[in-house]
Amino acid sequence: MRYAPTDSPVFTLTTGPVDAYPAVLRGLAAPVLYDYDPAFQATYQRVCEKLQPIVKSETVPLLLQGEPILGLEAAAASAIGKDDVVLNLVSGVYAKGFEGWAARNGAKVLELAVPYDEVIDPADVAAMLKQHPEVTVVAACHHDTPSGTINPVGEIGAIVQAHGALFLVDAVSSFGGMAIDAASANADFFITGPNKCLGCPPALSILGLSRKAWAKMKATAEAPRASILSILDWEDAWKSSEPFPFTPSVAEINGLEAAIDLYVSEGPENVWARHALTAKACRAGMQAMGLALWPKSEGFASPTATAVRTPDGIDEAALRAEVRARYGVVLSSGRGETLGRLTRIGHMGPTAQPLYALVAVAAYGGALTALGHSVDIGTGTAAVLAAIDAS
Amino acid sequence: MRYAPTDSPVFTLTTGPVDAYPAVLRGLAAPVLYDYDPAFQATYQRVCEKLQPIVKSETVPLLLQGEPILGLEAAAASAIGKDDVVLNLVSGVYAKGFEGWAARNGAKVLELAVPYDEVIDPADVAAMLKQHPEVTVVAACHHDTPSGTINPVGEIGAIVQAHGALFLVDAVSSFGGMAIDAASANADFFITGPNKCLGCPPALSILGLSRKAWAKMKATAEAPRASILSILDWEDAWKSSEPFPFTPSVAEINGLEAAIDLYVSEGPENVWARHALTAKACRAGMQAMGLALWPKSEGFASPTATAVRTPDGIDEAALRAEVRARYGVVLSSGRGETLGRLTRIGHMGPTAQPLYALVAVAAYGGALTALGHSVDIGTGTAAVLAAIDAS
Amino acid sequence: MRYAPTDSPVFTLTTGPVDAYPAVLRGLAAPVLYDYDPAFQATYQRVCEKLQPIVKSETVPLLLQGEPILGLEAAAASAIGKDDVVLNLVSGVYAKGFEGWAARNGAKVLELAVPYDEVIDPADVAAMLKQHPEVTVVAACHHDTPSGTINPVGEIGAIVQAHGALFLVDAVSSFGGMAIDAASANADFFITGPNKCLGCPPALSILGLSRKAWAKMKATAEAPRASILSILDWEDAWKSSEPFPFTPSVAEINGLEAAIDLYVSEGPENVWARHALTAKACRAGMQAMGLALWPKSEGFASPTATAVRTPDGIDEAALRAEVRARYGVVLSSGRGETLGRLTRIGHMGPTAQPLYALVAVAAYGGALTALGHSVDIGTGTAAVLAAIDAS
Amino acid sequence: MRYAPTDSPVFTLTTGPVDAYPAVLRGLAAPVLYDYDPAFQATYQRVCEKLQPIVKSETVPLLLQGEPILGLEAAAASAIGKDDVVLNLVSGVYAKGFEGWAARNGAKVLELAVPYDEVIDPADVAAMLKQHPEVTVVAACHHDTPSGTINPVGEIGAIVQAHGALFLVDAVSSFGGMAIDAASANADFFITGPNKCLGCPPALSILGLSRKAWAKMKATAEAPRASILSILDWEDAWKSSEPFPFTPSVAEINGLEAAIDLYVSEGPENVWARHALTAKACRAGMQAMGLALWPKSEGFASPTATAVRTPDGIDEAALRAEVRARYGVVLSSGRGETLGRLTRIGHMGPTAQPLYALVAVAAYGGALTALGHSVDIGTGTAAVLAAIDAS
């Protein structure tokens, strides 16, 4: 029995989009209200206000009407002017990708880079900033998803704040799945979205902004206005009494409210615990089958995605295709520099349940074996169970 | 009995967002697939291909991941370079608003304007182009929603094409509700979305592009790349074999497919007929109550929205608030120059059913009377019925 | 423009099934849990317990897994034995229909009947019971839907209780739409369902039972066991610790919970008020068009359905067909003896909003006129508005 | 990490209710039409007619408005009169349970019984019928779910037909998951439902009836009329031109249509193949862990449910509770005589995907080990994979 490429998959264990929680899907199906209807304006304000205690930003979180790549591009466009000097901390493909946006208004961009299977050392950031007192903005990617690694943004943020620069953090694929928020990251721009660990579809950005971030944007001449890239246009839009710059994505806002309610009702700590355990079990299973994690140290492996190095001689795309055809399981590839070198298993939102690690390990192992790289699936799955049972 | 502002409305008869068709709401609730899953990539291609026969564009319609204001801004950014000369045809607030985008890359912008209760005369366009052979791009708004007026874009487009300029048409709030498409508009950029007459929530743009449009964007140095504003990045994304520049709005794509299927299954001509009849009945009812339409001539009043002049001495915002509080009906205000001067009743998608005109006329008339401007509701509603019965 | 019989209707203004509230439809789409899963058993108990304060029964309300006709048949089968003498109070088709079930186990059935456009006089019940001290069970229909009339069950119930008989009340199409419950009806069997004024689809019965009712069923030898008709089998099934006699209708239970939550959150008094006003406005409009209500006195016309006498010479079925074809509005016919003699407009759950009366009056009037019985629609609709505005 | 009893389960791998297919859940959320609306009557007819080619009954399949236990009780009540002699073939709890219904109208009931881990031998039926020429009705349970065993109803049916008796088959939990239908079972009453292998929630019965079945019911004086137990009342209800005896479960009908469309579009053979493979993989895994199946021979183990004998000394209820608490997996117990002696894993509808066998085997093995009966999970899971890979 083989699954055809257009057959519905049985398990989507990707790094996002992941399937949405059932309650989120039902939220998406709620009646679509007129954006200026007071009932919808009240909903919009309520959703933004519900986000604040979980995002822990100084100001009410701001929504942009596009998946988080919009939040990242808009933040760069709004916060970084031609006179800024940006220090871009690069430990992976996504951080590297930020460089182009950082430079869009003409700013100078410095880089502190490490190999993509390592993470940034806060001491290096401190040293770099000492050497470059002119740096005004530091950008970091908390979870560089294509590597499955977690950078110590809290420590880095403290250094950045002491330096007096603006700290911009991409927390798209970690927020909601582990203990990270604008406050603990010491971030001025905490950019994330509901489409990873909160279990929504992709279509919105969430920005947790400090007062310093707002001041900087207002002082940045290049900050977009009357554009989908504008953050400033949306400053007061969360208030039910104020207009929207343009029509918000009503259905997605409804879905987001369902996701927040679920998250708060389950309890963030509980949500994080199941993400962590799923990742731990997944790593245990993969390693028990003799496979290597991509991150050099398990200490900084993400609790929301497990990146497994592709064994030599294996075509990674063919491997994922086999996983899907044979078992109906969808996994994620690497991106850019990591493409072809690793496979990623997402542990995000509804799929952050320990037994999904079992599914992933068995399917990955089975397909690998089918492609000629034999692994002992029994050992792998037993290790998954042992990790779960030890919790 | 009064409806509180946060009570759910009973009827949303706005110019968009309107409520989505039930089948679209269910489409939004479909499982969220990974964007690179072949099953989703096949869906994405299928949706784009299903759009072509209804958009009637030379190339496969392109989706952008934001409501149509993104489509408009992106088209301007991609197609209009600093050396272009744009003729902006202004008969309303939305057309006027395009000016800023037209000029963003430094192009010169000429304007042909008429009062906002009139429409553009093709002969004036011809004269203007004769006078300005340097014009390279002409922009028009088919249905300038804040006025409820329909411009003769087909005739204008023929003139523009003969002139050799690029024709860019905003058909956001008319497409799907009347006989308009990229071919009949002679448009190179036919910019619309599913969130008006197709009955979807706001979150996507649909662009019907000519081969000339593609050539122009490729020749425009300023055309965005690696940006949410990029159209070029998405050129091949509709093909199931090609990557997406960034994650598409999966749930909204699912909803859109349901909308297209409904539209095709009902038959576009039948859909248009109920839009036209609803508008006609609405106009008849309003006029029978002694009220004036905003458009100077009923001949160019939109079949997808009826704009009614606010009687002297009436506070339009208070009037809409009364309509909602008293009857649970939500209507739209004017925008910009028309704000406070007219009220709009949308006839779009699921609300383009003749009997909704009855609801709108009675609720509007009842609230007007309550605010001191007495109208004869019986005469108004009888006129609505008579219009329906005459069809 | 005509709606084909298989086109989706625009307005379903029937006496049930009515369309469900959007939140109920989303509730139906919740994941289906195993009935013995503790999470579902907890849901089932919670739903039953949430019903008690609104049904106001002595014991926790009981759900049967079929639309309320099951509740009625099961109550008769369980409570009435061959030695019972039943007084059946007949003011309409539904009450008359109960006779067969009352007699199923061999009981003697007496009848107190009035014409179907009148209601039962409590004094007549008192007299009848005095004359027939042997009566052990009295059955009444609160809202005999095919007549649109409301019987004074509270007063009747007090008389029945004083007599010492069991009082069985069919409150299927009134509960949730007006002030009626097991306590105020003095009912031992208060039989209703969620598919009328609570705005659910048809599939469940709700029984509010007194302790006396339970005692009587246990003493009735004929009471079904191991049957879908058994009430006794379900006695403890609401407790999360107890088994179900057979699988409950999981999805419908989920929908019901959403309906209860809506009802409680809106506030029963508010819900009743909009039912009452919708009915009042509907009656006003119909009468203003010179039409007669079916109930002899407006004093006992139902707030949840308006029955309009069909004018002489009009084919009632053709009239409803015309209402649907011309306007997309679905209305209900009479049943049995009232079939062909009246048309019913439901005001139930989501359609109990005053402006729906406008839709009904106009559509009914328009179709009537089209069939040759001219009425003044303007006068009708103005009367609807006047009734709403006077509230 | 432990799942609380009221936490949502992660996997519902029961013998029904199982979770519905996503498309079915969305079908349940479709607008609720009035049952007498011609659009709904057309839907009802279409659903019944779509069932015929898959149920393969002589007459258009009939729907009853309650889960299949209603179908079974109604069939017994309608087809078996006091003068009938019934041969009840008993290989499990459900078949035994039919005895009470078979006898309800006073018929004589003979029994051919085997131990509950065996199945009926057609030769024994032939012998019994030879010995008892007076038998007029034979009843069999195709898949006696509490045992997970499949009876050879096709062969038995041929013998019954040759004898001239009526053959009544309970195919509730096998239909849709394997090659079984009214024709191949030689059944006069083929009683099933959409809530097992078709992936709907429980709330409807499907009856495939032969012309002989209809004749017998019409000749049976005791056959219920004007009752929820009546089949005869529904004879013509499938026709869009005919009335319903009472209101059908509109939402469930909508869900059923979605299920049928899925089933036909996937292809019944493909659906059966994944049921069979899931069961085979599950059996392989369980046996590899040294556990015994409940069925004496794997040859008659069901492809839609795997029954595993509970190892000596293990409390089966505690075992299932541990499976749920530890892994979030819900399994089914035995029933009646098999309660406490086996655990059942369902392979039905959406859960009939081979990798679910992996989940079940690991979770069952893990919990068993936790309770002190150590098994080798690695060996079990490897056997599951091997079975899948061999397919």
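For reference, chains read A, B, C and D in written order, and residue numbers begin at 1 within each chain.
Quick note on the criterion: contacts are C-beta pairs under 8 Å (C-beta built on N, C-alpha and C of every residue); 3 or more make two chains touch, one makes a residue touch a chain.
Molecules present, by chain and UniProt name: A, B, C, D = Purine catabolism protein PucG.
Remember, it's a predicted structure, so these values are computed and weren't measured experimentally.
Trainee: A-B versus B-D: which has more C-beta pairs touching?
Mentor: Comparing B-D with A-B, the pair joined by more C-beta contacts is A-B.
Trainee: Between A-C, C-D or A-D, which shows the same interface as B-C, counting it as a repeat when over half of the contact pairs match?
Mentor: Repeat interface, by the over-half criterion: A-D.
Trainee: In whole angstrom, what separates the CA-based centres of chain B and chain D?
Mentor: 52
Trainee: Roughly how far is chain A from chain D, centre to centre by C-alpha average, rounded to an integer in Å?
Mentor: That gives a centre separation of 44 Å.
Trainee: Could you work out how far the Cα centre of chain A sits from that of chain B, in whole Å?
Mentor: Once rounded, the distance between the two centres reads 34 Å.
Trainee: Which parts of chain D, given as residue numbers and ranges, touch two or more other chains?
Mentor: In chain D, residues 25-26, 29-31 touch at least two other chains, as defined above.
Trainee: Flag every residue of chain D that touches chain B in the complex, lowest number first.
Mentor: 22-23, 25-26, 29-31
Trainee: Using the touch definition from the top, list the residues of chain A that touch chain B in their complex.
Mentor: Those in contact with chain B are residues 5-9, 12, 14, 16-20, 25-26, 28-39, 42, 65-67, 69-70, 73, 100-101, 195, 201-203, 226-229, 246-252, 255, 324, 330, 332-333.
Trainee: Once bound in the complex, which stretches of chain A touch chain D?
Mentor: 1, 10-11, 29, 273-274, 277, 326-329, 353-356, 358-359, 362-363, 365-366, 370, 376-382, 384-385, 388-389, 391
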